[in-house]
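Paired with chain B in one complex and with chain C in the other, chain A is shared by the two complexes that follow.
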Partner chain A sequence: MNEKSQAQSRIPGEPGIWAFVTGDLLVFSLFFILIAIGNQEQGGVFSSARGTLDLRFGLANTLLLLTGSFFVAIGVERFRLDDGRDNRIWFRLAILSGVIFLINKVFEWNAKVSDGMTPMTNDFFMYYFVFTAIHAIHVFVGVVILSFLFKKSQAPFTPETQRGLESGAIFWHLVDLLWIMLFALFYLV
Partner chain B sequence: MTWAWFLLVAVTILAWWLAEGEQKMADATTTAILLTAGVKIWVIGYQFMELKLAPAFLRYGFLLWLIAISCILVFLIS
Partner chain C sequence: MSEITSNILAQDSLSRKSLAFCGYTGYAAIILFIIGGVWLGGMLPPLLNASDTPSEVVAKVNENLLNMRVGSIFMIASFALFGTFGAGIAAQTRRFETSPVFSYVQLVFTAGGTTIALLVAFAWSLMVFRPDTYAPSILLMWADFAYFLAVFSVPLFGGWCVLIALPIFFSEPGREPFPRWVAYVNLWAALLFAPGQMVIFFKDGPFSWHGIVAMYLPFIAFFAWIAIMSWVMIKIANDENS
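Let's turn to the complex of A and B:
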């Protein structure tokens, strides 16, 4: 890395958020590995259980989170431009994507329970309900954080506000990123 | 930024299409699905989380984690 690029590189957000991201990635890595081991040891059970999931719910939720992340990234970029424009709309849209994700999830869980699938049914459904619930808690916390970002995004530009906004955005992107792998492992493979 | 979103959506649709036709080549399809998930995660990290601006230890640390977990999952599932 040359001198110029060293001068330009910086840690996005507060350094502490990256410690949290690292911890969360390691915890979820364990979840991913548990699902993969379950899949290896009980291929038939996992395959038939996976077949009962409605791929449309998973696909819709993936597109919702990807689009929500896109909106947040635009909101942060616009805030940095500091051109006086009202960029709260991007955070409002991202909050909406998170709320629809959660509503979608409740419908999906409800449909599974109505069909007699519970965490006690087999290992696949135990992982499915527990890990997607832990992820949904992340989405809920993310929506709360986005509500703060919504207010902060109208504050005058300062380096502190910028870091705060970036930290909240990084958490939201983490929520998106974790879902990508859960979606692949539960619905697609 | 917009290209990243289009790429992510396109790769998601590709993975969905691969999953729908899974019976064709199960192992190769599973590997492809996990790799497309890895690519999406990298785009989210690099572009949206702005690791492209971050110091090398953070950028490559994230990449190292992603390669490690992708390899483990491909090994266990394929």
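Let's turn to the complex of A and C:
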């Protein structure tokens, strides 16, 4: 069986990472439901609070994570092809996008707190600060994982290493997916 | 068979039985908490709320005094078993380590986690010891103390899970102390404990110490984690027997 057909006939990453992704999505589903209930019960509060968020921060962070996911995908693909080309740059770029996301988030939170908005202001800001903070922890963990991927990507090709790289990349895509949902619920809905 | 080899096998047989024993103590901890904390003690679902006034707390405690006292006894028995449960995990990790770093650190976290959990039961017991003598606000403080110990100590309990996951990830393929999926379960559990730290900001709603995100999630995740780790320990012991 050649490499290409092998890639087509198996699930990427380790089975455990998919269990983790499913579990994490379940928990975040609860978070999304809570935001939706708050939005329904306190439409006015949520609408006016949403109006105070700076869409540019949210949009910039969405683009950062989406491009970060793109870079990781290229890095993993390059490793899989095992054609001797240096793939470190893609993991470096992905790490950079995660770090800029976090810096951007700190600036955004700081701006909100300076304007007098805290988690205790109302339910919208309670969810906004808590859930984006939990997501930011994911991004931080993702950046740490990407640093491991960066190191692993220099190792000789083995199926185990490939699965390890794919598992890390799947986590990073999960971080991306969760942010897109949060972005929509906090900034757009 | 040489004497040394038979001694090693005898030790292995002992370690298998010990591992299974530690796993069963995890199950026992869950059963005892269900009796003490869920059925009798009123800890989960919470009889008290973070938004309760001191007089409301006094009234609720007095209405459920006997159940809460008996529940406290079961709870402290449950929490003491975290020690054997955690030691079993550390011992299994130790078997696969040349230099026992992670297993020792796991033991430190096991001891810390057990102590913190015991203090939860102490706080609960003191709350129901003489509710009419203490000032009502002190009763509320004992309730705050119990839930803060349980859910605010995220770095300890979450760190414990991470320290179980890391040696699994770092092991050579085929030399993992536990199956690799167990590492992911531990990371997921650590993640579920994390919202517990929100209790410091809120006295009502999903992030307060009676809320769905900051209390129910970490509590349910914690006992589900014990159930899974206990099952895995017993399975490893049984598989090695066969």
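The rule we apply is simple: the second predicted complex is superposed on the first by the 181 of 189 C-alpha atoms of A that agree within 3 Å, B and C clash if a C-alpha of one lies under 4 Å from a C-alpha of the other, contacts with A are read in each partner's own complex, and residues count from 1 in each chain.
As a working rule, a residue touches a chain if its C-beta (ideal position, glycine included) is under 8 Å from a C-beta of that chain, and two chains touch if they have at least 3 such contacts.
Predicted, not measured: the structure shown is a model, and the values here were computed from it.
A.B. asks: Once chain A of both complexes is superposed, is A:173 in touch with chain B (first), chain C (second), both, or neither?
C.D. replies: first
A.B. asks: Which one hits more chain A residues, chain B or chain C?
C.D. replies: Comparing touch counts on chain A for chain B and chain C gives B.
A.B. asks: Looking at the overlay, what does A:34 touch: chain B (first), chain C (second), both, or neither?
C.D. replies: Touch status of A:34: second partner only.
A.B. asks: Looking at A:160, would you say it contacts chain B, chain C, both, or neither? Reply first, second, both or neither.
C.D. replies: It touches chain C, and chain B stays clear.
A.B. asks: If we overlay the two complexes on their shared chain A, which of chain B and chain C does A:106 touch? Say first, second, both or neither.
C.D. replies: neither
A.B. asks: Quick check on the superposed pair: does A:130 touch chain B, chain C, both, or neither? Answer first, second, both or neither.
C.D. replies: second
A.B. asks: Answer with first, second, both or neither: which of chain B and chain C does A:19 touch in the superposed model?
C.D. replies: Touch partner of A:19: chain C, not chain B.
A.B. asks: A:77 in the overlay: touching chain B, chain C, both, or neither? Say first, second, both or neither.
C.D. replies: A:77: touches chain B, not chain C.
A.B. asks: For A:120, decide between first (touching chain B), second (touching chain C), both and neither.
C.D. replies: Only chain C; A:120 stays clear of chain B.
A.B. asks: Where on chain A do the contacts with chain B and the contacts with chain C coincide?
C.D. replies: The answer is that chain A has no such residue.
A.B. asks: Can you tell me which positions in chain A touch chain C when the two form their complex?
C.D. replies: Interface residues on chain A, with respect to chain C: 14-17, 19-20, 23-24, 27, 30-31, 34, 119-120, 123, 126, 130, 134, 137, 160.
A.B. asks: Applying the document's contact rule, which stretches of chain B touch chain A when the two form their complex?
C.D. replies: 1-2, 4-5, 8-9, 12, 15-16, 18-20, 30, 33-34, 36-37, 40-41, 44-45, 47-51, 53-56, 58, 61, 65, 69, 72-73, 76-77
A.B. asks: If we count contacts the way the header does, which residues on chain A are in touch with chain B in the complex?
C.D. replies: Interface residues on the chain A side: 1, 8-12, 18, 22, 25, 29, 32-33, 36-37, 39-40, 55, 59, 62-63, 66-67, 69-70, 72-74, 77, 166, 169-170, 173-174, 176-177, 180-181, 183-185, 187-189.
A.B. asks: Taking the complex as given, what residues does chain C use to touch chain A?
C.D. replies: 173, 180-181, 183-185, 187-188, 191-192, 194-195, 198, 201-202, 205-207, 212-213, 217
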